[in-house]
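Presented sequentially are two complexes of chain A, the first with chain B as partner and the second with chain C.
And now, the complex of A and B:
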């Protein structure tokens, strides 16, 4: 039996269109998606009509604060919605619903965007659909890559989770016990005062490519979970010793060559990604799967993709799926896509039920649109 | 801002009336802004209602400072609501081009 996804199609139409609003962190995204009727498959695919994003970028050495990020979103949200509508060449009357990120994320930015979603939904008399940010990433990743039932590695600035689907829930197999991997990389970028443009993690990746020496850092996998705050403190300490007032010189034990900032970036990436590969591999064994889907902002890191590929190649029929920065990094289209699936199964939110929440776990969502 | 004598706790109050073009807009603004809960419910109570084409708010807080912060936050969100109305009200069938 499969789920009937077409109980709510508009009379005389064989497709749906949804607008999605994302603003859980420093990216403000608006996307418009079109889904044909029937089950989505390789021959019946969703179509991205527009996917517009504006990122709040802070100066080197500074992170983004909730209040300032919310102000950025408020300043841009109406303009970005108009741009998305104009690129997609659709009108409000073409839309089936308006989807928004209900959590998890930073409270103030989430709230600044949902106010626009509520107003627009009322002005155009459209239903609202609240979307879990993580589920948005997973569904968009599945749609873009065609991975049908993968183990999902969700790695971003605010989240680090290994997820597998079972019985209408995306279940968390392992996760970070403290900070997210993207947060760890971003904060190290701040210590090194490297630019946040286009993304701190991207700049770390470029520096890491020039690194040669592996510096010894703690390796902290705890069962299926991992911990990264200790690693950050350690590598931060090394960087402060090297570039602070002390100006302490570190040398590579084997070659006697000086350790550089590039070496630290290289070592941090290597150690963090090895940990991710380890828990992902264990999750694959648990659920007897051979597909890995990497989603989230850190998923656009090529070194992580490469290391995951090396692991997956050793498994029988192993396959790795990843998307590019348009869909990896937070965006509105994934919210539109996941929200529309939810809408097609009759799940919508009344206005009083649209309050955003900073904590909203992936496994709280009832995945009504799947029943495999 | 008036200091209500007698009630020890929520002693500071302030009323705000925001005029809109019509009753429908006032109602939409009320419904867009009122769902979000106040974080410290024991320090601040905000009530929303519409009177004709106006949105009327009543802030009751333990101090002037609490009310000032709440109003500043309200105005920030109100700006989004008003901008949405300016740009999208009555334009459900309008095709936005070149933004």
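And now, the complex of A and C:
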């Protein structure tokens, strides 16, 4: 039996259109998606009508604060929505529903974006659909890559999880016990005063390409979970010794060459990504799967994709799926996509039930649109 | 790809016939008929002279070679130390024969027999065998009860020595003439905390629930019965206290689930 996804199609139409609003962190994204009726498949695909994003960038050495990020979102949300609508060539009357990120994320930015969503819904008399941010990433990744039942590695600034689908839930197999991987990289970028433009993680990646000496860092995989705060403290300490007042010089044990900031970035990436690949491999062995889908902002890192590829090659018929920065980094289109799927199964939120939550676990979502 | 990995173990162990028994995410387990340094006839302390187990942690190509070498070495050393400590305090586990830390190889005693259906006599396979081939009564017979209690006692003794297995599942327990033995110490650690022991028990409970769901309530109750008995018989009053502490914690852990919910 497959789920009936077409109970709510507007009379006289054979497609759905949804608008999605995303603002759980420093990106404000608005996307409009069109899904044809029937089950989505390789031949019956969703179409991205527009995908607009604006990122709040802070000066080097500073992170984004909730208050300022929320202000950025409030300032830009109307302009971005207008641009998305005009790019997609649709109006409010064409839409089926308004989707918004209900969590997880930073409180203040979430709140400011949901206000926009509620306003639109009442203005155009459309139903609201609250979406779990992680599920948005997973569904968009599946749609773009065509992976049908992969183990998902979700790595971003606020989340680090290994997820596998089972019985209408995306179940978390392993996750971080403290900080997220993107957070770890961003904070190290702050220590080194690397620019936040276009993204701190991207700049670390570019520096890491020039590094060649491996510095000893702790490796902290705990069963299926991992811990990263200790690694960050360790590498931060090294960086402060090297570039602080003391100006301590570190040398590589084998070659006797000086350790540079690039080497630190290289070592940090190597150790963190090894840990990620290891827990992903565990999850693969556990659920007997051979597909991996990488989603989330850190998923656009080429070194991580390369390492994952090397791991998957050693498995029978192993396949890796990754998306590019348009869909990896937070965006509105994934919220629209996941929200529309949930709308098509009759899941909508009444106005009183649109309160955002900073903590919204991936496995709390009932995945009504899948039944395999 | 297994062939490729077999090739790698053969590089370190030339002229030794090996046969793959199982493959996990981290390690491969082989069977071999060769003892590394003694002729088969004179390894007096082992029961099984014909077969030995080789556990091999292959190098992971995705890791930086330096990271890979240090992880392989640390984990192999950790596992070997854990096994040797188990041998000292008399907890049934495979005896160590030899180890090559840098290449991630552990050579050990081969425990367990073959069940009538041709599978290794692990706790899991045995229970499954009973479930599939015998009348249902047999699955909850006294024989099963006795084995469950013994397994519980074995885990209890491990915990009383402040050691935690870390991956207690029914496939990580082998039965040798209905005497249980522990295997696979890749995730083991040392801890006297009730919290860690409770988590260990919880992992076991969940594993039983997912692999032997039909009779899991009975099995789990018997396991805990054995776990309690050993605390009282071997460690008296102090053991009783420790047991109470762990079980209280276990109730907390059950409520919490393995994954903390971040609601609120």
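In the analysis below, the second predicted complex is superposed on the first by the 372 of 372 C-alpha atoms of A that agree within 3 Å, B and C clash if a C-alpha of one lies under 4 Å from a C-alpha of the other, contacts with A are read in each partner's own complex, and residues count from 1 in each chain.
Please note the rule applied: a residue touches a chain if its C-beta (ideal position, glycine included) is under 8 Å from a C-beta of that chain, and two chains touch if they have at least 3 such contacts.
Just so you know, these numbers come straight off a predicted model, no measurement behind them.
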item	value
Touched partner set for A:281, first chain B, second chain C, both or neither	second
Chain B versus chain C as contact partner of A:86, first or second or both or neither	first
Which superposed partner A:124 touches (first chain B, second chain C, both, neither)	first
Which of chain B and chain C A:219 touches, first, second, both or neither	second
First (chain B), second (chain C), both or neither touched by A:172	second
Contacts of A:359 with chain B and chain C, given as first, second, both or neither	second
Residue ranges of chain A in contact with chain B within the complex	70-71, 74, 77-79, 81-83, 85-86, 89-93, 111-112, 115-116, 118-120, 122-125, 351-355
Of all residues in chain C, those that touch chain A in their complex	1, 4-5, 24-26, 60-64, 66-67, 70-71, 166-167, 187, 259, 261-264
Of chain A, residues touching chain C in the complex	104, 172, 175, 214, 219, 223, 270-271, 274, 277-278, 281-282, 284-286, 306-308, 310-311, 313-316, 357, 359, 361, 363-364
Contacting residues of chain B [partner chain A, same complex]	28-29, 31-33, 35-37, 76-77, 79-81, 83-85, 87-89, 91-99
